[in-house]
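Look at the two complexes coming up: chain A is in both, with chain B in one and chain C in the other.
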Partner chain A sequence: MKDFQIEQESRGAIQLIRLHGSLDMYSFPRLESQLQALFQQGHNSIMLDCSKLDYIGSAGLGALIGFAKQARDRNGDLKLFRVPDRIYKVIELLGFTKVLQVYDNEETALASFQKP
Partner chain B sequence: MDGITKGISVNTTGTDVHVRIVGRGTFQNGQPLRRCAMEMLERGCSQIFVDLGQCQGMDSTFLGVLAGIGLRLAQGGKGGKVHVINVSARNVELLQTLGLDRLFDVNFIGRDQTGHAFPEESSFQMLPDSDLMETAKGLNKFDTANFMLEAHGNLIKADPRNAPKFQDLTKFLRDKVGDQPPSQNPHS
Partner chain C sequence: MNPTGDCKEQTLVWQRDVPNRIEDATAAAAAAGHHLRRQGVAGTAAHAAHFAIEEMLTNTIKYGHPAHPSRLSVEIVPDSVVVRIEDDGQEFDPSKSPAPPLPANPDERAPGGLGIHIVRQMISSIAYTRRDGRNHLVLTIAR
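The block that comes next holds the complex of A and B.
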């Protein structure tokens, strides 16, 4: 099992977080802290690169819904891109695609923030 | 762990049920475990031994299934209990985070205090649909949402401090369950 790692970059006003490894109940508090810190700093537009994510648990997905709602309440959003098929099937099965926007790649995710 | 068959296997000996989890325990393979455990409890089984020695991790839904078994045994008033053995430090932390260490008898790796001998591996039977690679395609959206809602409800019953941790997820699932008709397939 790979250790969970987070990398953060900026794309102008958009914050890009790259996730590596397994996002489970054990590792989720690290992402939670990072997202809360971003909100506190006024960064409400966030996209998550999930291409190196090999697992995400049900509680982690549920919490992402909460963060997406918080971001929207602050006129931002939380979007996912390059989600591996195996994980996308889980997101779809749980019906989370109604709440979490998922994009094919970084460019389309970034462009979606610019749309009115 | 590559090359080893992942999934959940079960052995029943008298009123003891032995469960071995290889790989991850998740919302996907929690449903067959729930079905099997409820059947065993109906038959009068009262001691559930869960070997987590080869378990890479559990999601909250799976832990909610175990919590549901533990709660039902506790309510039975016959001294029934869930014993988790060979628990790694990581899994202990998960159990403690959710307050399940107070519901289960928790035994660390190498420090099994149950004094209970696990039956031979060959006497275990793999639960159908417990291999994660095979399960996702057979799941129904409504039933999965309902199942997850029940599992998280168990976690909240086991420790009310869990309620805020899962409030976004449970609200979403409640809305989803309210939106859709149940499946006609009782096994989905």
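The block that comes next holds the complex of A and C.
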């Protein structure tokens, strides 16, 4: 089992976070802390690279939905890209694709922030 | 906490005892998912099993307060994966847990408390019995 890891980069005003490993009940507080710190620094536009994400549980899903709402409340957004099929199917099954915007790749996710 | 594999005719059973800590529950769920993928179970079914095991074990720890480790076993049969969880926590039947209200607009959904409801949507069946002061849960996931 891979440990959960978070890498952060900037793409101009957009913060890019790459998730590695398993986002479960034990690891999701680390992502919560990182996203909360970004909001406190005024970074409200965030995209998550999920290509190396092995697993997401209900706690991780709940955290992502909560942060997407918080980002929108602050005139930003939280978007996902390169979501593995097995994880996308969970998001889709629950109807959360209307809350969590999912893109094919980094370029399309980044471009979506530029649209009015 | 080493897994013990027990090969039967056309089945493969993997089992372990899970201490009552969240980190042990999440590790056991991840190990079960890894075992299933290693045995050739499709990613979606392995992910559903991982999700269901994590949800059920952590719920038991947080709300059932078992005195002893839970017993987890995963069996691969031709058409499905069968997960069995046994614990001595408070009686709780997740198959009868009422679904939380889901507003028409998904934007208004609060995900907290949805875990068991999500599991029921992801798996084929859920069966519960209470015997000898223990909860016995059987989850079946289509392969």
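As a working rule, the second predicted complex is superposed on the first by the 116 of 116 C-alpha atoms of A that agree within 3 Å, B and C clash if a C-alpha of one lies under 4 Å from a C-alpha of the other, contacts with A are read in each partner's own complex, and residues count from 1 in each chain.
Keep in mind that, in the parts below, contacts are C-beta pairs under 8 Å (C-beta built on N, C-alpha and C of every residue); 3 or more make two chains touch, one makes a residue touch a chain.
Please read all numbers here as calculations on a predicted model, not as lab measurements.
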| item | value |
| --- | --- |
| Clash or fit (per the criteria above) of chain B with chain C on chain A | clash |
| Touched partner set for A:62, first chain B, second chain C, both or neither | both |
| First, second, both or neither for A:85, with chain B first and chain C second | second |
| Chain B versus chain C as contact partner of A:16, first or second or both or neither | neither |
| Contacts of A:6 with chain B and chain C, given as first, second, both or neither | neither |
| Where chain A meets both chain C and chain B, residue numbers | 1, 22, 24-26, 55, 57-58, 61-62, 65-66, 69, 86, 89-90, 93-96, 99 |
| Residues of chain A defined as touching chain B within the complex | 1, 22, 24-26, 55, 57-63, 65-66, 69, 86, 89-90, 93-96, 99 |
| Chain A partner contacts - residues on chain C that touch it in the complex | 22-23, 25-27, 29-31, 33-34, 43-44, 46-47, 50-51, 54-55, 58, 106-107, 109, 111-112, 114-115, 118, 121-122 |
| Chain B residues within the chain A interface of the complex | 24, 26-28, 56-61, 90, 93-94, 97, 136, 139, 141, 144-145, 148, 165-170, 172, 176 |
| For the chain A and chain C complex, residues of the former touching the latter | 1, 22, 24-27, 55, 57-58, 61-62, 65-66, 69, 84-87, 89-90, 93-96, 98-99 |
